[in-house]
Structures are given as C-alpha cells and as structure tokens.
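So, here's a batch of structures to check.
Heads up, the next two complexes both have chain A, just with different partners, chain B and then chain C.
Right, the complex of A and B next:
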C-alpha cells in the first residue's frame, strides 16, 4: 500500500497499515547510517524547514541529519532570535515561511494542536515533531522500530510506560501506535501524573512501579520535569526517585531478564533512571536515537514522495 | 406611531396566552390584544400569519466591549446583532476597559446606547474594583446609575469574605449578584473540560468541580446573606443539581444556560477550532442532558448567550493561547429553536418564557410580557425559516462562532423595540 497523507500529525489518525509502512520504510533506510558516504539523492531539490518553537537538540538534529542524508535542503528556524521576538504571531510566521515554497515543514511547539493548525493553513506537508502534551509521532515510530528490531515482532508484547503520563506527548503517541499494532500498554505513575480517562485510549493503569514492570517486555521511562513539583503534583524529587525511579535492584527483583529499557530523553539521571540502568545491558536508549534518524528519513521521503517526489 | 401585528400565534407565558390574535401597539406600549382588531388611522400593519408573536427576548448576558475594545464590538454593532437575532434588550457585562465599576462608565454606556443602540441596553456593574477581587466597587452609585445587576463575569471572586460583603451591601438595591462560578485554582491553565478529550488532545482541562464548588459556595453565601445570587452560564450536571436543591430549600438562587452549552459537547474541541473554546468549557453529553432537563423543569431560569466577541487574530492561533468565548446573539434563537424545540426536547412556550418573562422577573426589568400597558417590545419568530449560518454576514463586528455552516430551521423574523420595528439591513 502507498502513502496518501499530506501530513504526519498524530499516531491516533494512522491505521496499522500506515504505521507498518512508516516503520518498514525507516528500516530500509537504516543502512545509510553505516555507509562511508552518507548521502542519497532521494530528496535533491526538496526543501525542509525545521520550525522549532520549543528548544530541542535531539529531535531537531535528527530531522536535520535525516534531511541532509536524503540530499534535501534543510533550513533551521528557531523561535528565539527571530521574528517571533518581534511579536509576529505563529500563524503569520508560518505563512511567511510557506510563501518561500518549502516542501515539508517540521514543527515543534509547546501548544497542543499547533501542527494541526499549520496543516490546515499551509499547502506544504507538515510533520509534527511534538505539540504540547498532544503527540510526537516520530518518537513513537522510532520506539516501534527499536522494539521490532530487538524483539522481532509487535504482536502480543506488553509495554509499561512509567512516569508523567499526563504531560507526555510521547506517552500518547506510543499508546496509540502500540495498541494499533497489537501490543498491550500499561501506564504507571502516581495518580496526579495519570490523566483522567486514559483507559479510553486503550491503556491499563497501575499505581505501583513494582506491579507495572512485573510482566512486561518493554519499560518506557519518561522524563520527570521539575515543574511538576512546584505545581503540587508530587511532593519532592527525592520521594519520586525513591518510589518511581528505576534501579538495578528493582529490575532484578521485579522485571523479566529480557526486558528492554527505553527512554525518549533527555534522561534525568538519578531521578527516573539510575545511571547503572541507563547505561546498563537492558538499555536501548541510544539505539532509539539512531533509529530516530532512519524514521525521520522515512517520514520525509514518504511525505515528499506524496507530493510527487522522485522516491528512494 | 402605531403598529398592528395581525394574525400571529401569540404566546405570552406571563399571561398564559397561546392563541391566534392581533397585537395593537400605540405610543410605544402594548395597547390591546384580540381577534380582528380594527386598525386605527396611520397604523402600520404587519401580517404575521403563521408566525409566533412573543414578548421581546432579553439576553441577560452579553459583552458589548465598549468602552475600550471597540475593535471587537461596540454598542452600535452589538445591539444591531441583538436586533437581528431577535432580542429587544441586552444586559452588558462590566469587563470593559475601563471596567464598569463606577457611575461614570455606566453613564457612558447608557449615553452610547441612547444614541446608537438599536435595542434596550441594561448595564451590569462590577462587584469589585477593576475586577481584581480585592475591594468592593462603588456599588450604590452603580445601582443609582442604572446597573441592573452586579458581576465580575469573566473572573470569579475567589475571596468568599469579600463576596459575602458584596451580597449584603447590595441587598437594598434589589439587584442580583451574578456569579461566574469557577475556582481559579482548579481551573488554572485550563483551555477545555477535563475529561477524555483533554486527555486525548493533551490540552490542560478543568474539572466540572471547578464550577460546582463555587456554585455550592455561592448558594451557601446566598443562604447566609439572604441575597439573590444568579449563576451565569451553568455548564455542569453538578450545578443543575445544586441549584435545584437550593431552590427546593427556598434559597434565592437562579441560573442561566447558554445555547452552546445546550447543544455542543467537548467532542467539538477535537476540531482544534478555537471557536470551541470558552469559559466555562463545553462539557459532556451527561452535562448537556442535565442542563436541558434543568431548563425544562425551571431549575434553570433563562437562556443567555454570553455573547463574547473577539477579533480573528485572537482566535486563529494556537488553541491554548486563543481567547475564551464566542459570539451568540445572531445564532442563539435559531440554534435553540432547531436543536431543542424542533427536536422535541424543549416546549416552545418554555423557550419563550426562559427568554422573556423569566429574565425580566429575575432582573426586575420592564417587559417580558404582552400585557396591556407593557413596553411594546416584541419578538416575532418564524418556525419555518431555513437558514445557513454565515459568519461573514453577521452584524456583530466579530465572527467567532462554532456554528458557521450550520443549517437551521426556525429563527427570528421581526424585532420590535418600544413600538418601533428594529430594522437591520441584511448583510
């Protein structure tokens, strides 16, 4: 089957076939990373704009490398030091960029719905690189690619997503993507960090780390942001680390020996993840980052191809 | 100047009238109702056969934005929108710039209304100075200047002690305190209702309890002080239950509901259209059902639009940064007629009562009835009129509506204010 969408906005809107196509495409592009000359001409003459309204190192760099390896012209626009500081609205800035005829705009924004807004307003393809606490589809896709590589399949796997589910776009995209591919998802955290009605998204809920990690194939640990403490959602980082931090000891006592430890980054070492876990044998955190470039190549290729690009 | 409205079906809930009659208007007052009335000399005759003739509709909750935010709306444009929408009177909230927290601002609004207003304008004064919730506004002077109620609408007075004193101080004026019931600690940062949609979209939500706890508080304060407290824009099943119980216990509490809270749920937010963003937010199907039930059984006293005009630039950007509120004057009657009356959820006579008799009684306003001698404010409805909502043709200066493109059957046909037909050229 082919790709028909103009944009990639969410995992929620995709069906299993589309997700599989994206993962397969990414998988086929992975070997470019190991080439001596990391460049293919697939997107020569195409322009990709990274429109980042929120600071990001990993995701922006990943999209930039992906575009460059495919020979696209990649332009980075970040909100600081630009027209936004002169008071121009988001939509005006975006329309101005669109007037320069990019093929793809990759957008990161702190407001949920920002990517949907651009998709409605701009004629070019939009990739959601994270919008508020809504979705981060390319992160979910790279998580899926990593899981399939390590486990060989999706069907019947059980994933625990642990931490600040309420404020996490990664959790939402992961839940949708994993559920559609036949996986079971349990979200776990203190009740103040679990959003209401999350079961309606198809996830199970646990309020004890030891229970949540007991019988799962993958543990996805999420970053705990310091603001959650001042907002009264948790009493202290110390208490959070004690009850929700993943340590070697907890893994040894409760988790399966073949469990994968994942994290979308950046890691708060010593808070949600003990350093020995982050760097330990279970951890595939850096594999996720490598797969991220392949996933973004695949996404850019399919979207630019949708607009009549010359393909791989 | 006389006006004879011939052969319409007259529904006047205050007098239990529902019959085909003529309505004769003379000298700005209702003169007589009856069959086959003789037309006096120089009378303008309107054939209202097949139409519904009612007391003028009163919208007790609008934002006219003047003074200070004339780019959103003015007294002139807002009252044109009101007339086009079938309203003969509006009550305008105090959150203008400067705030209507002293007699000079009230005087200004009334002076504007006298010159430019197409319908009657009744100002609502602020409860606290500059809506800051810290000290009382000059409430006696506001009442003397013509304010018909007091409200910090748009904000909740979080200080219960101060709110209690406001209720006590205004007791002699016979004008209610209107509560924007929203606990700002429970609603902090929220754009929409807290529920399955907020979880799915990752937008911060406020729980129904943000409203309910304040409604409960205000009912208790009304009981303590004996004041009349009116709950603005009820949006939750909890509010309906609390108000119903309070009324049964004889506490002086009344409530209003907006058309959008009667016909839309949080599901509409999935469109990411900022015209689905307002305070209080769109809630759930269960809440909508409770609100309709409350409106029918009289727990909720009236329908009010909370007409809140905003410029396009305040609504077109990121959802969480968009302004709260939607316009309503030009869609309200048609939306409610089509979605609630035609569908059988709300009897026509109840709709008319909730939009004329009941707000007039609640605010001690003239009108709300077609009794002989009453001000000749008349709304005529055409239940068969088919319209498509076209925001570009609104008389309001703003276009922020979630109802654009809706096809509706039934709507306002003619608006008479003080015996004069409020003619609004179609746009």
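Right, the complex of A and C next:
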C-alpha cells in the first residue's frame, strides 16, 4: 500500500486504505512528542509554506510544529500584512510563493475549492487546511486517530455530529472519513443548520439533541459559526444554547457512560458546550489537539517524503 | 520488500536452527564478558527482525546472569539517507520505554551490509539521549561496507556478492529459524 497523491485536498477523494495509511503513519509518529529532543531529520531541506487567508490557532500552529519536528523549514504567510492588502489576488500570491520552490503549501481560505485551484495551478504538493464550508481533511484524520486510540478500533462505532452542520467543513470531512471506515454517523441540529447533502453522504439526521446522543460512542460538538452566518438561521444564541448546548445534566440523562466528547475548536463555552463538559472526564478535546501534530507530521511526511521516488 | 523486485531462489543455507541459537548464546556470553557483567546494559533492536533477536539475547542474558535487561524497538525510517527514493515511507514507530542516558546500548540488527542502516540508527539513538556507549551486535556480517562502521558482536561472517541477498528467517515472523543466501532468478 503506497501513497501516490501529490496533494491532500479532501477526505472525499481518499479510499479507506489511504485513510488508514495516514492514521497509522500519524500514530507511529506520536512518540516524537514525548522525546526530550523533538526533532527527526526526515524532511531536512524541504520547505513548507503555511498560506493562511483565515485566522487559525490550532491548525497553523500544529502544521508549523509538525514541519519543524520533521526538520523542514516552515514559513508562515498570513493575508494580513502581505501584498494581499495591496490588492494582489489569491492565485497571484500563490504563484509567487510557488516561484520560491516550496515542497508543500498548506492553504486555508474562506472559499471552497481554493486548495483544488492551487493543486491544479502549482507544481508543489498542496494540503487543504480548510476551504470555506467544503473540507478540512487533517481535522477529520486527527478525529479518527483520537477515536481509534480511545476506542481501540473503528468497527461499528456510532458517532453523533451535533450543531452547525451547514457551515462546517469539519462535519463534511468527518462524515466522509467515518463512513468510509464503516462507522455510523448521525448528524443533529436545528433544521436551518442541516444541509440536504448529509443524507447523500450516508448520515442519519436527528432534530433533537436528546435523541441523537442516546446510543452513540462519540459526540462531536461543532462550533456555531456566527461569522459565516447570515441572519435568521437561529432565533437567538440563548435559545440555541438551551436546545443544542451539551450540559452535564443532558449527558448524564441521555448519553452512555463511556461516550467521548469531541470538539474541533475553538469552543464557544456556554453555547454549544458547557464548560463542565468541555473540561470534564468525557472530553478528549485536548487529546485531539495533540493528535493534530502527529497527523500533520504524517501528512507532510507522506507528501514530501516520497517525492522524487519512482513509487517502486 | 517491493513487489516489483526480482524473484529470488535459495542458493545455500548458512545457519540452521541450532547453529543460530548457538551463535546467539555465544554473543550473549561475549556481551557479558566485554562489559564485565550486565550492569547498565540495554538492548535496542532494529525493526523488524533485530527486535526479535534483541529479545532473544535478553532472554539468554537473563538465563546466564539472572539480570533482565530492557529491550527497546527502533524504527530508523525517519533517519534514512534514501528517504524519498524508495516509495512511500512506512513508519512503524520507535518504542524505547526506558532512559538510555548513562546506559551502554547494544544495537541489534539481523544483517550488517553497507552500514547505512546503522549510521541512521546511531543518529536516531543519540537524538533520544546520551548513552555511555553504543555497541553493535548482528547475526550476519555480509561485508560490502560503505561507511566506517564495524560490529562488536557477530554471529557469522559471511562473504557474499552484492547481487546475492541474505535472508534471516525467524520463528516470530517466518515460522522457522534459519539463515539462507538467495540469488536472483535468471530470466
């Protein structure tokens, strides 16, 4: 089983074998985080550019740490403070960066398809670090790695993805990945925030939190993405928190005692997730972040590490 | 092993089960002799068969000396000098659950050939800490070194030609204990 892709653009394009290869590679790289000297020479002489047109804490930092632990040179580009403010277009900026011969460009952009566009236009490897409401494949991979470490396997697991599905690239990537690995996915949220495509992806739909979390192994709470919302999708934040916020009380009454609580971050405390739940014993939110570095090391290694090879 | 590699046929058997076992027993004694006992020793096996050999050497030393030495697993993929030239890198992970600081680390591999794997392993170990010393044990030394590396303990010196390959088959992986020389099939 080999890795043959130039780019990592979506979970949709991957098959179960490729997903498993990425998760296995990341799992094996995790021990680097516990070393005194967190550096291995695998990507010495490779250049990774983080091209971020949207704000990010976890993703950008973890790609940077991942690249550095693998000895790549990591350059961070953010739209503010660049020639973007002088009116340079996205593709022009990207082509100029590509002219400096990076091996991997990690891109985040508010428009769906931004990573695909770069993959077609640029000779280097492209990693999609989130494009609009489309996909965020490395987040799905780190979710999968966290689930496998905590549950030991993927077989027959049932995951509820709760909240703002419509604006969530994480939900899309997670549904693709989880379905391909044979998991059952239920999405739940107010009808205005559940797009019709989820059923085409093979997910079940629920419109009541209490029903959705009843018999699942994992509850993935999503952030209410107020910055992407046009008005009128939810009556009020307070009402959303009341019906869709996960509290200790709702967990105790409806969920299984061995359930995992996940969240891709950043958390709106007190809206989709009560602080006692976010910091509570079921929560693996910070484990997800740690796994994120391992997953991004795996992705960079597979993309940059096999280049120049004949694939034999 | 790549699936596109030419098929190999067995040319000669080098060690059978009892000869392999005797070689390991001798190496265990030599390790104790050279280090004046088992104090502050630790084994690190190179994936995959070096790990099994390291565990066997550990068991022999436990029999002889009564000391149970720690055994770790090293994956040197991230340290290879030909990463990217051999297709998809397969990372299976390093697992050394003990400190190697102030230990004499005995690195164990099945076949010593060019020395490039050992070069990578030395870098990988030193990145984990500062051992007192690193010694090298290998079951087969087949020559053709490309780097100034020599083993401290050798099961068998085996002059080979470069086109031949040496296959170490171990119970844990292959269901049998023996070492054979293989050569590519013609045509």
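Convention: the second predicted complex is superposed on the first by the 303 of 312 C-alpha atoms of A that agree within 3 Å, B and C clash if a C-alpha of one lies under 4 Å from a C-alpha of the other, contacts with A are read in each partner's own complex, and residues count from 1 in each chain.
Definition applied: a contact is a pair of C-beta atoms (placed from the backbone, for glycine too) under 8 Å apart; a residue touches a chain by one contact, two chains touch by 3 or more.
Everything numeric here is computed off the predicted structure, so don't read it as measured data.
Participant: Are chain B and chain C a fit on chain A, or do they clash, once the structures share the same frame?
Facilitator: fit
Participant: Quick check on the superposed pair: does A:162 touch chain B, chain C, both, or neither? Answer first, second, both or neither.
Facilitator: Touch partners of A:162: none, neither chain B nor chain C.
Participant: Is A:133 in contact with chain B, with chain C, with both, or with neither (first, second, both, neither)?
Facilitator: Only chain B; A:133 stays clear of chain C.
Participant: Using the superposed model, determine the angle chain B, chain A, chain C defined by their C-alpha centres, to the nearest 10 degrees.
Facilitator: For this superposed arrangement the angle is about 130 degrees.
Participant: Going by the contact rule set out at the top, does A:91 touch chain B (first), chain C (second), both, or neither?
Facilitator: first
Participant: Counting only touches as set out at the top, which of chain B and chain C does A:141 meet: first, second, both, neither?
Facilitator: neither
Participant: After lining up the shared chain so the two structures overlap, which partner does A:195 touch, if you call chain B first and chain C second: first, second, both or neither?
Facilitator: Touch status of A:195: first partner only.
Participant: Who does A:117 touch here: chain B (first), chain C (second), both, or neither?
Facilitator: In the superposed model, A:117 contacts chain B only, not chain C.
Participant: Applying the touch criterion given at the start, work out whether A:301 contacts chain B, chain C, both or neither, answering first, second, both or neither.
Facilitator: second
Participant: Which partner does A:25 contact after superposing on A: first (chain B), second (chain C), both, neither?
Facilitator: In the superposition, A:25 touches chain C alone.
Participant: State the minimum pairwise Cα distance, in Å, between chain B and chain C in the overlaid complexes.
Facilitator: 28
Participant: Would you mind writing out the residues of chain A in touch with chain C in their complex?
Facilitator: 1-4, 21, 24-25, 27-31, 35-37, 39-42, 70, 298, 301-302, 304-312
Participant: Mind pulling up the chain C residues that touch chain A in the complex?
Facilitator: Touch residues, chain C against chain A: 2, 4, 75, 77-79, 83-95, 123-124, 127-129.
Participant: Touching residues of chain A toward chain B in the complex: what are they?
Facilitator: 12, 89-91, 109, 111-114, 116-117, 120, 131-135, 167, 169, 172, 195-198, 200-201
Participant: Which residues of chain B touch chain A once you look at their complex with the stated criterion?
Facilitator: That would be residues 194-196, 198-205, 272, 313, 316-321 of chain B.
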